[in-house]
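Shared between the two complexes below is subunit A, which has subunit B as its partner in the first and subunit C in the second.
Let's turn to the complex of A and B:
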């Protein structure tokens, strides 16, 4: 998933909200929310889309998982698969055939019955090339899905997805895929409501109005209530949801809180139960207070810079490696970010299912200068004008400013910073309209494959123009056929070494998730994917006498 | 009493030398102490800005991550920002950008606005209607979209930024000048000038423009600060100047983010900007009084 965290604007909106709520009502939004079961959630930005087959970002993920649901869910503490729309499943002994038994009482939010045919149709839709689904490769473990997507196969009935009857779905895989159940909880494999999609356009048409307020029909615990651009998106409890009895929240409001400082103030003013981020300079303040509201936890996410290898001077891997070696990651982590982020010298976070990437990348100014001279830019002479693109947000700016100066000091090159709003930034990067772009990848499921298969040639989320057939072969052919977990990890290690050798992306640090969480949010465990389960959360006003008990250190 | 009353006109042998509008203005301005202070501060700020590359204590991009944000000290008189960069230096460099944007963009707006308004107002009729409809259309265009379009077409460039802001800010100026000119051209002294046989251009130069100067100057002094803030806003959106360069508006913007932890990051650029705005306002006030041809000569 694309990690955003973005910027400024709805400042005015937010300011007005603050003023409106500041005076007049005696009760804050959080207090009234606690009473009425309304969760106020800081969600970073206006979503790119609510279509699960188009969206790629984390903020979108949060909203979509409230509105829709896959065959299985994840336990929010252990991340183990638990029944979702499928009440049970059976896996064949060779690990190739998955049979899912769907709930008879599953319904769409308009009351329509929800059955196995919905999945066949939805997955067919997700694999239509015209839809431009950047996550299409998530389907590739399924038998023939890749061939169908790439046009080598015309008939979808040859793809390994079959509805045996209304409530039985059979999936055949190419290879045993240990993380396949986890994939089913990813929004790119969620079903969509066919009559609604077709009412507003053809199945493979992008950006139709089917996801808009009043139109969207989902199968999740909540339904879309209002979508006020740049103000909020609110979702209501879905009475047709199969597990509606267990859903305790009545409503969730998602706010596009792009400005971190404003978001933090909103939290303090009792406007939000949960913030998407915490400003760097506020962390020390909350730590000092030993506040239990500050929650910092490990996060399976990697922050890196993409190099556009189609740009002439960046097509030289010596230049890319030189740039990577000239960055002092330890300094960035300790002195710019200051929340316990871990410097990264590889793309995959260490200890992802027991996987530790091998990396020969270090902070080495001399080597960097030598490589740069070798590439034809001794002492930075003649290095073309280069831009670092980032989406507008304070933390990205700080990292970029620090790196800009490190490159100036070490390599004597001048780079320019360019910031764009989230949607514009996503477009620029997807269209290859950049030189160096800030990027991040948050685990969709816990497996190194998730961080490596995005770098396949022409992978929807590759976007660097980098292509190495050897790498593809390892990821697509060798790893899935590995007999043991250890062997599989070894192949991943080799693949990642290859990736780092060519360095289409410059690894920077491993994320931590930082949030301010109201003590009234209950049943909300942290997990390394940082995925909330809105159907489990409930709100309970804290007993004021108890709230001063010092918090746990969550570092 | 009446006996001692001074004669209102002293007839001297030499015919009185008429003073020009500008001489008059200077004499009057010299008596306005606040305006002079304003002028002095502005001149000082401009001089400092011009000399910054030679007198700045540090480089504006020189980071010292280990140092981080520190309060004012002997080494760093105005403290350092979160990258350990010297604030005094950054404010000095920021002033170069802010003052340049403020003056140049306002000058662009002034020239276009005054000419446009004067021509429309003085000519009247269809020409006036057409010109003002153009202004209306530009008004209706959301200015952000206009600037973004300019930036997208011509690329990001600081001089274009000056021009783009100026090109947006002249609209109000044109309207103000036009309404002034329209009311002036029907006044008796203009008709008198006509009947004396003065040419159109002489009338505009001698009578119309001096009479519009008051509101124009007041509006100009208001435009400069709004232009400086506009620049900060555009830069924040990635359309203006980009780090490590800075301007007062941007410094303030960043300062606001951390005003509780590191107040000096907000206070000092804020002082620099407010000082400029005060100076401009006092000077503008003084100039308006000084240049108003309707106040009596003394």
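Let's turn to the complex of A and C:
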């Protein structure tokens, strides 16, 4: 028996080794993908829904933009509106009437003709409160859309959306809205295929199966092929798409790569062309290797701290400004975040539609101490116990620790850190149950309005208790009526100056998007919305690219 | 045996009822709702959503209607995954988690019993110390460390096996099964060593030796059956534990099993999903415990007599 057992171990070892060596990896998924035009895309999470009027997350956004398309698209570099389903459009001189001329060759993925009536019906659906569309506010620039959504108006024909004929759609706006064309490329304004939606339930019913594998009919460059829960979603090139000839990819696989570390390993093992994120501790490694795969670019998102102005000692704007001036943002960006984040001294990221916020906020310890003394806390004496609340995540903790230390060094005040799980944190902030809370805002569209209208007195995302009627007047009355772009930007500058003067929020840094991108992905420029255009992307293995270049040179 | 099984199943009913009630209360009293989001959610939307999922009813009514649905085997719709039911999501994840659990258990049994028996045959020698130190290491090493280590060696440096997936690329089931099985292998090794040591010192083994039976025959035919009773008793809870505790391995290896749903459900406050999964796992644990008890009775004549005597 002993002999038997002692001989068992080496036998087992040899057997396992044989099995393992038999499994030696041949061609990787990326290599075969390059050959067959199949893109393998890390997409963070399993999508909650692929219904454009229900979905809300960024991962959903990526898949939906492959499957569906709006009236206009955005140039993937400049983000300027370019023709989508509408081949051209006309804007009235007063900026209130938009007339879209739809392509005659636009088709749904089942071959059905796609026309202007689809938009009227789809937008009616999107504004049904029972549907629970979180992005309904994207429709509010349209005349009467908000009144209809809130039930003040019953008849949808009074809303400013009309199909003048099969291929002409007219939209009337409440006010001139320079960013309106951009909104049309947001998935919440995408059309849906009426017969399919109605086949699986009523128009305003949530959670029907019309977006499932085998059911979904879209109008985008790709069609839904498979939806394997928590495994992948694959989309195939849509032969009925109006611009099908230009689409080079045959398939895209979206993987719900929740774990960043696993995603990075998948990339290294050639299982992914693109990662949704890069773990912070890996950035230095890729930088050291001078890797071309690491791509970091500015992202239209702002990281800031909210001050709860209803808390007594934080209701004094001198205290808020002193706290803001005592933070060395450059140090946080360089030594804590380390991925090229840009220190922010205003809420709106610079160069948002040509807008550069003017800020007099700097890192100024002397001025900060003076303000604090003026407010009744000389050398931090008597400053009440204050908490910084953040949702549980390592990066937020690091930033909070750095700020805690800076406030101690500069102002001699002690603050405590409090972390809460995401949903608990959301509840605390929404209920005003905090003193200082970490926050962020990611732009839905490229316009300063998107970063400023959240600070309106009754803005649902304000959550600081700060209210300045002058600010509201500028954003709600003056900016929409501005005659020129320059005049509009000037109003925003004034509004943001007012905001920074009162400082209900402490700007910290502008986000960057961080990805690992296979060198075989071509025609994939980065933009500040981090929005890919799958119809433009193509794949070319690096060695093929080399031979192509050599070929061209010899020719 | 039948009466024993029926009795145990009847006992399970109040246990399940308590599980449902406590989970229901805990889930509903946790701060943060299923529909809270980073961006402000308009009150119209909250109202529409709450109405759709019956959250606008008083809590006791929600509880009763949930109970009614569960009795019929309906766990309700998932709050997060629009259009999917909890039953459907469990059905999608269960075969994968069960397959992973089964492979892990097989690996654990083969390695564990071999190591345990080897150690028991020659206690307090190198043949005992080496596998038992390995077992201690296996018990101590968490899967979130072992998994990435295996991936790094076999997936990245040697490039022998895929680093993630389940059934997508040939060989992608090997590393997750080993990772999940390792801790259990270690535990089984210790259990079988203990069981075997006890049995090997019994009189009937001495009698067998005195009769001149060969050592392999004594081990395989006489000692194993008794020596492995602790392992058999452990099998039920182990398999249930493998099913319920595989979420770390599923996350590391990007496996679309049940564990990932469970963890995400808690983060998303997907009430029906949390409840459904908890009830499902509770039922599984009860069933597997019952099965392993029945197996232990069948293997052990003493217990068999006791259970007869009881009934």
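Everything that follows uses one rule, which is that the second predicted complex is superposed on the first by the 330 of 555 C-alpha atoms of A that agree within 3 Å, B and C clash if a C-alpha of one lies under 4 Å from a C-alpha of the other, contacts with A are read in each partner's own complex, and residues count from 1 in each chain.
Throughout what follows, a contact is a pair of C-beta atoms (placed from the backbone, for glycine too) under 8 Å apart; a residue touches a chain by one contact, two chains touch by 3 or more.
Quick caveat: nothing in here was measured; it's all calculated off a predicted structure.
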Checklist entry - Is A:457 touching the first partner subunit B, the second partner subunit C, both, or neither of them? => result neither
Checklist entry - With the two structures laid over each other on chain A, which partner does A:136 touch: subunit B (first), subunit C (second), both, or neither? => result second
Next on the checklist: Per the contact definition in the header, classify A:164: touching subunit B only (first), subunit C only (second), both, or neither.
Outcome noted: neither
Next on the checklist: A:261 in the overlay: touching subunit B, subunit C, both, or neither? Say first, second, both or neither.
Outcome noted: both
Checklist entry - Which of the two, subunit B or subunit C, is in touch with more residues of subunit A? => result C
Checklist entry - Once the shared chain is lined up, is A:281 touching subunit B (first), subunit C (second), both, or neither of them? => result first
Checklist entry - Can A:228 be said to touch subunit B (first), subunit C (second), both, or neither? => result second
Checklist outcome for this item: subunit A residues contacting subunit B in one complex and subunit C in the other 8, 261, 421
Checklist entry - Quick one: in the complex, what on subunit A touches subunit B? => result 8, 260-261, 279-282, 284-285, 331, 335-336, 392, 394, 397-398, 400-402, 404-405, 408, 416-421
Checklist outcome for this item: In the complex, the residues of subunit C that touch subunit A are 30-33, 36-42, 44-45, 47-49, 51-52, 77, 80-84, 89, 92-93, 110, 114, 117-118, 121-122, 127, 148, 151-152, 154-156, 159-166, 168-171, 174, 214-216, 218-220, 251-254, 256-257, 260-261, 264, 267-269
Item to check | Complex interface listing, subunit A residues touching subunit C | outcome: 1-2, 4-6, 8-9, 12, 19-21, 23-25, 29, 46, 48-49, 51, 54, 56, 129-134, 136-137, 149-151, 206-209, 211-212, 228-232, 255-259, 261-262, 265-266, 268-269, 271, 421-428, 430, 440, 459-461, 463
Next on the checklist: Could you list, by residue number, the parts of subunit B that touch subunit A in their complex?
Outcome noted: 61, 63, 65-66, 68-69, 82-83, 156, 236-238, 242-244, 256-258, 260-262
